[in-house]
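The structure follows.
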Amino acid sequence: MFQDLLNTPLSTVVLITGFILVLIGLWGMLMHKNIIRIIVGFTLMDTGIHMVMVAIGYLTGGKAPIIEGANKNIVYVDPVPSALVLTSIVIGLGITAIMLSYAIQIHKAKKSLSIDDCAEMKW
Amino acid sequence: MVNSLTNPLNIIIITLLSSFLLPLIYQKSEQRAVNLFFAVLAAFVVISLSGYLQLLSGLPTIEVLTAGIEPPFSINLRFGIEEAFVTLAINVAALLGAWYLLPHLKTNAPLMLLFLIWIMGMNGMVMTRDLFNLFIFVEITAISTFVLIGFNRHNETLSAGFKYILAGSLASSFLLLGTMLLYFQTGTLNIDDLVAHQSLLTGPIGTAGLVLIMTAILIELKPYPANGWGLDVYQAAPTGVSALISVGVSASYLFALYKLLPLFDTLLPLIAIAGGLTFVMSNFMGLKQNQATRLLGYSSVGQVGLLVMALALLSQTNQADHYLLIAGGLFINHFLAKAGLFWLAGLAAEKDIKHWSHLKQHPVIFVLFVVLLAALAGLPPFPAFWAKWALVHTLVESQHYIWVGCILLGSLLEAVYLFRWYGYAKSKTNETAIVCQARQTFPIKLMVALLLLCGHAMAINFGLQPERVLLPVYAALAMLLLHKQPSYTKALVTLLITGIFTLQVLPTLTGLSWIFGMIFLVGSWVLTIGSLYKGTEQRPSYYPLLVMLILSLGSLLLATTTLEFFLAWEFMTVSSYLMVSLGKNAEKSSLQYLAFSLAGAFFILAGFALAYSETHSMQLSSFAQLAEHTVMIITLLLFGFLIKLGGLGVHVWLPGVYTDTDDDFTAIMSSIVSKAGLFGLFAVGIHITTQFNDIEALMFVLGWFGLVMALAGALMAVFQEDVKKLLAYSSVGQMGYIITGFALTSHMGWVASMYLAVNHVLYKGLIFLAIAGVLYRTNTRLMYKMGGLIKNMPISFVSVMIGIIAISGVPPLLGFGGKWMMYNALVEKGWYLQTAMAFFASAVAFLYLFRLIHTVFLGQQKTEHADIKEAPITLLIPQVFIMVIILAFSMFPHVLIEPLSTAISPYIASTITWTGHLLETKQGYWNGFMVMNVVAGIFLVPLFILWMLSKVTNIQPVKQFNIVFAAERPESPETTHYAYNFYAFYEKALGFLVKPNAIHFWDASAEWAHSFGAALRRFYTGNGQTYMAIILMYLGIIYLSMRAI
Amino acid sequence: MIEALKQRLSEHFQLTNLTIKNAGLAFLWVEKHELEMLLRQLRDFEGYTHLSFIIASDHIEKNQFKLTYMLHNYDTKHDLGVHVDISRVNASMHSIHPLWAQAWTYQRELKEMYGIDFPESPRVDEDFCLEGWDDMPPMRRDFDTVKYCEEHFDDRDGRATEENRQTMKVNIYPERGE
Amino acid sequence: MDIWISKIGYYFLNVGIVLVYGLLLGAFIAKTMARVQGRIGIPIYQPFIDILKTFTKRQAISHGIMFNLGPAFRLAGGLGTLAFIPVIYGNEMFSNFSAAGDLLLVMYFIFFGQLGMALGSGESGHPYAAMGIGRGLAQMTAYEVPFTLAVVAIFIQYDTSSITEIVAAQQGSIWNWTLFTNPLAVIAAMIAFLGMAAYPPFDVAMAPNEIPIGPPTEFHSHFLSMMQMNRAIFAGAKLILFMNLFFGGATGLIELVFKTWAIYMVAILVGAAFPRFRTEQAVRFFLGVPMLIGIASVLYIQYWAQ
Amino acid sequence: MTDKNDYPTLANADLIDAERSLFCDARPVPYEPYPVDFVEKFANWVRANSLWVLAFGTGCGAIELNPLMTSRFDANRYGIQMRPTPRQSCVIVVAGYSSVKTLKRIIRSYEQMQGPKFVLGLGICSLNGGMYWDSYNTIKRIDQYIPIDLYVTGCMPRPEALLAGFIELKDKIKAGQCDGTNRYVKDFDWYKANQKKVIKNWDMPDYNW
C-alpha cells in the first residue's frame, strides 16, 4: 500500500499537488476578505493550474524534447504544454500585476482593502 | 500585393508595430500620436472591409498559416465571410468608439496603445482557430479591458473592475484548464482538428474539459445568474468602454462560442437554456432598474443571452441560410443599437432614467434615442425585427414552442422597460440641458444610419421591396425635416402626402380591402383636417408620426404575405404608440398601450409562424390550406387582433390612451386605428371560410365574448365622469358588436359587422371631433364641469346629437341598419340568447349617450362658460362632412350595404335580397328609404302644430335659471346641473358587474413581474466573492446537468 | 334622587336654586360662567345625554334674559332644566355646540329672535326664520309688534275689532258665563 | 302616387282613431279607479278638455330650440311607432306603413320620441328632468330584457319578425294565440309591459311627489298638450303592438278595443295594488325572475316546442 | 327665437351682476283675448272645466285641500286636479295666512305659472290678516301682492266652502271675469313695489319667468 504510494509517478504527484493548489487558491479567493489575500489566492490557483499543465504534458521516463536526429525509440516529453505553461505564466503575471495595481488604487480611493467595501453597486 | 496588404494577419502585425511607435511619437507630438492611432484603427477597418468585400465577391476563405506549417501543427487563423463580417463590425465600432473616447484616450499614450491591443485581441479571438491561441487572445482582451475600465479611477469603477478581474481570471482559468484537458485527451489544440476527433472526447476528462471550456465562454458572455460582476462593469465603466464591452467583446466571445459549437453538440440544450434563462431573467430584472447604464447592462446581457440561445437552437435545426440571417441580424442590431445607446448615455450624463427628460431639449439626440430604443426593442425596420421574425418561424417549424414563448416574453419585457425609459425622457421638463458637440453625436448618428441601412438590406433579403414596405418610416423621417415649420404647413403637407398615397392605393384595392381603404385612408384624411385647429402649436413629432401611421395602415391593406402584414402592423403599432405618448401625462397609458400592442403583435407573430410551419407559405391566402393547427392559429391571431380592438379583459389600455392623447388624435385612434384589428380578423377570415366548421366552437365563444364586451363596455361607459373615458368605453362596447358580427361567420353577420364598423368610423369620428372642440374651448375633460353648451356650440351639439342617434340605433339614422342586420344575423345563426344580450347592451348604451349629451350640452351652463365660442371651423368642416355622409347613408342604406354584401359574397354566399329600397332576409325586412320618408313626413305634424300655436301664444325665451325649482331659486349652476355621479342608482343596481377586475388583474400582473424581477436580482449582492461562488456553482450545475444528459 | 344629584353637583358648582316641578321635571339655576362645565358634568356623568332645546325668555324688568337648557335623561326618564341669567345689554352666551352639535340651530334661532349672540356657533349670523329682517329682534319685549304691523302691512278697510273675551263669554259659550 | 295619398289618408284616420281611443281609455281607467275608491271621478271627456285647455294657454316660455323640439320629437315618436304597426289584421286601411320595417324597427323606433324628449327636457336645465330621464332610461334598460327575450321567442316560434306575419300565424283559433302557444314569453312580456306603462310600481321616473313629474316638469301650454296627445297615441300603439304579438291581433275595431282594454287593465290592476319601486329595485326586479322566465321561454321554444 | 331687444326689459336691480345674465329680464306683457268672440268663450269654458291646482300648501289651509280630492268631496268630477309643478297649473290656492317668507314663494310660483291663471284666497287671513292681524311676520292683504280672483273666507272654511268657491271660480271664468293675469301685468309696478316693501332680501329677478 505504502509502496504503491511511493511508486506513484512524479507527474501524478505534481498533478495532484496542482489540483490541491487550485483548491487552496479558490478557498483563499472565496474565504478571505482582504484583497491582497485574494490576490495571493489567485496566484496560488494560477500556479496550481500551471503545475497541472506541466503534469499533463509529462510522460513517465520521457526526456526533454530536444530532438537530435530521428531516434524513434526515445520517448520525449510533450513539448507543447511546457510552451503553453510559459505563456500562461506570463499572462498570469500580467493579471496579478493588474490586480495589485487595482488593489493599490482601491486602497487609495477607499482607504480599505476589504472586498466588502467594493459592494456599492448591487441589484 | 493588395492581398498581402489586406491580409488579416496585418491587424496583429500593425498593432504590434504601432505599440512600439505610439509612445515614442506621443512624446514628440500628441497630435501625431492621435493621427497614428486613428490610422491604425482605420487600417483595421480597411483590412476587414476589403476582406469582407472580396469574400462577398466570391473569393475563397482566407486561411492564414503561421510558421509556414499546415495545421494542426501550427496556429492558424481563418478569415471567412463570417469572420470578416464580425471583425468589420468590431473595427467600425472600435473606430467610432475611439472617436467618442478620444478626449480620454489622448491624455495618455499607453491608453491608446491598450485600446489598440484591446481591439486586436477581439479581432484575434474572432479569427484564431487554435484553442490555446484563443486563450491568449482572451487574456489580451481581458487585460486591456481591466485597465481601460479602471482608467478614470472612480470608486465604483475600481470596485467593478476588480470584480471583473476576479470573475474574468476565474473564467480564463477554466478555459486554460479545459484546453489542457482537451489537449491531454486528443493531443491537438486546433479547433477543426478537435471537431474531427470529437469521438475522443467522451471520457470523463474530455467531458470535463468541454464543460470547463463551455462554462468559461458562457461566463464571459455573462449568463444569469453568474453575471453580477458584468452588470457592475456596465454600470460603472466609462460609457465608451461599456459600449465596446457590450458590443465588441461580447461579439468576439459570441463568435468564439459559435466556432466551438460543433464541439458542444451534446451540450446544445444546456447552452440554449443558459441563453434563454439569461434573456428572460435579465429582462425581468430590467423592469426594476432605474440606472441608465445598468439598464443597458441588463439589456446587453439579455440580448447576448438571446443570441446564445439562438445559436444553440439553430445549430440543431440545420437551416444554414436562416442561421446566418438570424444570428447576424440579432447581432448587428444589438451591436449598433447598444453601442449607440451607451454612447448616448455617456452624453446624457444622467444616471437615473427618471431624470432623462433633459434629452427633450436636444431634438436630434432625442430622435436618435427613440430610434435606438426602437431598434433595441426589435421593432421594424431594424434588423432585429427581421431576425426575430425568421427566428420564431424557424423555431416554430422545429416545434420549439416553449423557446418561442421565452423569446416573445423576453422581448415584450425588454420593450416595456426600454420604452418606460422613453416615457421618462418624454415626461416633465428638466432644466439642465445636455452639453455636447456634433463631434460627440457623430458616432451615434452613424450607428443609426447603419441600423436603417441594415434594416433596408434585410428587407431586400426577405424579398420585399423596401421602398414600398418601409415607406412609412421614410416618409416619417422626411417629415421630420419640416420640424421647424408651423403646424399649418405640416398639416397641409400631411394631407398632401396622405392624399397622394390614397389616390395611389385606393384604385388598386378591391372588395373588403377597398372598404377598409375607405375607412383607413379617406377616413383619416378627413379627420386630419380637424387637426388644423391646433395650427399655432409646434407639434414637432405629431405630423411625421401621423403620416407614418396612415401610410402603415395603407400598407396593411396592400399586404399579401404574412410578413408584409406583420411589418405594416408593427409600423402602425409603433407610430400610434409614439403618437399616444405625445399627450400630456401619457407616460403610463402609452406604456400600457405599447405593452398590450406588442403582446398582441407577438401573438400574431406566433400565429403566423405556426401557419407557416404548416403551409410553408407566407401568403395570406395559404391560410385556406390550414388543417391541423387551424384552431390554435386562429386563437393566437384572435388574441392579437382582439388586443388591438380593445377586447374585454385587455381593454385596460384603451381608456387611458383615449384620455391622454391629443383630442384630435383620439378621433383617429378610436374610429380608424381600432379598425385595424378588425381588418386583421377579416384579412384572415376570408381565407378560412372552408374551415368554419373546425372553428365553430371558437367562434361561439368569440360571439359570447363580443356580447359580454358590448355589455361591459356600455356599463363601464355609464359610470364615467371623464368624457373621453366614456367614449373610450363606448368604443369597447361597439367593438363588442363588431366582434360578434365577425364571430357569426355568416354572410349577414359579416355584413353587419362591417356595416357597424363603417358606422363606428362615422359616428365616433364625428363625436370625438365635436368633443375635441368642446375640450379645446372648456379645457376640462370632466363632464360635470361643463353643461349648457348648446347655446354656444350649436353645431357641435348637432354633431353629437346625430352621433348619438346613430350609435343608439334609433331609426331613421343609419345605426338602426346595423342593429337590424345584427339581430337578423344572430337569429339566423340560432344564437337566440345572444340576441337578447345584444339588445340589453344596446339599451344600456342609451344611458351613457344621454349622459354624454346632457351633461355637456344641456342642463345648466357654468358662468365661466358664458362667453365660449363655437369650435374652430377646421373641426367643424369634417363634422359637417361626416354628418352629410351619415344622412346620405341613412336615406339610402343600400349605397352602403350593397358594396359590403358584394365584397363578402365571394367568400360566403349572400342571404339577403334587395327589392328597390327594400332589404329582405329570411326573418324580416327593412326599407330604410321609406322609414326615412315616413319619419320626415310624420315629423311635419308636430312641427306644424308648434308653428301654428306659436302664432297665437306669446312664447318668451328665458334664461337658464328661470326654472321651477320647488318655489326656490337655483343657488348656482354648479349645484343645479345634475351631472356628477349621474347614474348613482344604476350603480347600486348593476355596478357590481363592472368592478375594475381587469385593471386589478393587470396591475397585479405588472406588480408581480416587478417583484419577480426584484427577487431574481437578489443574487447580485455586489460582493465579488459571492459572484465567484456563483460562478463556481454555475460550473457545478452545468457539470451535473451535463451528466444528467 | 334629585336632591342627591344636587348634592353631588354642589360640590363643584355654585347652584343658586333648585325647583322640583314634579317627579319628572326639575330646574336648576347656575351662574353663566359655570354653565358649560355643569352641562358637561350632567352629560358625561349624570346621564343627561340629550339636549331637548334651548329657550330664552325676556325679563326686561330685571334687564336679563333667562336661558333655559332642557336636558333629558333616558335612563331615569327625567327632564332637567338649567337656567342661566344673562345681561340684556349686549347679550352674549357661550356656545355649547361642542357639547351637542344640534345646539347651533337653537342658538341661531335665539340670535335672530332675541339678539343673543353666541360667538363661534356655526352659521349663527345667517337668517333663520326671518329673511332679511332689519329691525329689532322681534321676540324682545320692547319690540312693538302692532306698531311694526301698522308701518309695514296695510289693513283692509272694514275690519272691526270686538272685545274678544266678551264676545266669547256672551256669544259662544253663554252657559259658562258668569 | 294615388296609393300613397290614400295610405297617408288612412294613416291619419288611424291616428285619429287611436288618439280618441287612447284618451277615452285613459279617462275610462281613471273613472274606474275613482269608482274603486268610491268616487264619481272625472267626466269621460275630461282628457279632451285637458288637452284643449293646455292648447288655450296664452303664455309660454321657451328654454331654447331643443326645448321646443322635444315635444315635437315626442309626438313624432308616438305617431311613427303607430305608423309602423298594422292596427287591424287583414285590412289594408289599417295596415299603416308596416311595409317599411318589421318588429325590430318598431322596437327601436319607440326610443325615437324618448330620445328627443330627453334632449328637450335636458335643455330646460332642470335637474329633476335629468334625474327623471336617468331613472326612466335605467328602468328601460331593465324591462327591455324580458321583453326582448319574449320577442326573440316569438321570432323563433314564427320564424319571422314581420308583425303582419306574426299576427297571421295566430289566426284561426284562440288556441293559436301566443298567449297559449308560448305562455312563458307572454308572461315575461307582460311583466315588461308594467315597466313600459310606467304605472306603479314602476313609476319612479315621473315620481310626482319627489321629482315633480320628472322629465316634463318644465313643459307647459301647447308643449304639454302635444305630450298629452302623444301619451294617448303612444299608449295605444304599444297596446296594439302587444295585442298583435301576443293576443292574436284584431280583425275588427271591437276586438281591438276589447283586447287592448284588457291588456291595459293588467297594468292598472297591478298598479293599484303595489307601491313604488326605487330605480335600483326595479332594475334588479326585471333582471331577476322576469328575465329567467324570458330565458325559459326562449329555451322552451328552441329545444322543446319544435 | 325673438331677439333680446324685442321686448321691454326690467332692471333686476337686486341681483348681483354675475347672476343677472342667468335670469330672464323681460317684462311681462298682457295677452289679448282671442279675436273671435266665440273662440274666447269656448276657451273660457274649457279653462273653467279643467282647473289644475298647484299642489302648494302655503299655510294652514292646505289641510283642507286634501279631503277635497278624496272620495268625500271628489273635486275630480269638476275637472279639478292637482299638479306638482307651477308650469302646468292654472290655479294657485293661497291657503290661509302667509308669512313674508312664504309670500316670496307664492309670488315666485305665481309668476312661473302660465296665463291665464287664477288665484283663490282661502281663509280670512288671506283677506285681512285674520287672527294674525298684529303679527310682525304675516301679511294681511294678499291682494296687495298678487291679483286675487276669489276669496273663500272663514277660519278655516270647510272643504264644502272651498268646493263652492271653486264652482264660483268656474262660473267667473266662464263669464270671462277672471283677468288676474292681465291685471297683474298692467299694475305690475304697483304690485312689485308692494312686494318689495315687505320682502327685504329680494334675491330674485323682478319677474320670475
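Details
Chains here go by letter, A, B, C, D and E, matching the order in which they are written, and residues are numbered from 1 within each.
Following the convention adopted for this analysis, a residue touches a chain if its C-beta (ideal position, glycine included) is under 8 Å from a C-beta of that chain, and two chains touch if they have at least 3 such contacts.
Please read all numbers here as calculations on a predicted model, not as lab measurements.
The fewest steps needed to get from subunit A to subunit E, moving only between touching chains, is 2. Looking at A-B alongside B-E, one finds more C-beta pairs in contact between the chains of A-B.
If each chain is reduced to the centroid of its CA atoms, subunit C and subunit E end up 38 Å from each other. Here the CA centre of subunit A is 106 Å from the CA centre of subunit C.
Between the Cα centres of subunit B and subunit D there is a gap of 54 Å.
Counting partner chains per residue, subunit E shows two or more touched chains at residues 1, 24, 31, 85, 87, 209.
Under the contact rule stated at the top, the pairs of chains that touch are A-B, B-D, B-E, C-E, D-E. Subunit E meets subunit B in the complex at residues 1-2, 7, 18-19, 21-24, 26, 29, 31, 34, 56, 85-87, 105-106, 108-109, 112, 203-204, 208-209.
Those residues of subunit A whose C-beta lies close enough to touch subunit B in the complex are 22, 26, 29-31, 33, 35, 38, 42, 45-46, 49, 52-53, 56, 78, 80-81, 84, 87-88, 91, 94-95, 98-99, 102-103, 105-106, 109-110, 115-123. Only residues 8, 55, 57-64, 66, 68, 71-76, 79-80, 83-84, 97, 99-105, 108-109, 111-112, 115, 118-119, 122-128, 130-131, 133-135, 137-138, 140-142, 144-145, 148-149, 152-153, 155-156, 159-162, 212, 217-218, 221-222, 226, 278-281, 283-284, 287, 294-295, 298, 302 of subunit D touch subunit B when the two sit together in their complex. Subunit B contributes residues 863, 866, 952, 954-962, 964, 967-969, 973 to its touches with subunit E in the complex. On the subunit B side of its complex with subunit D, the touching residues are 788, 790-791, 797, 801, 804-805, 808-811, 816, 819-820, 823-824, 827, 830, 832-833, 835-836, 839-840, 843-844, 846-847, 850-851, 853-854, 857-861, 918, 922-927, 930-931, 934-935, 937-939, 941-943, 945-946, 949, 952-958, 960-966, 976-979, 982-983, 985-986, 988-990.
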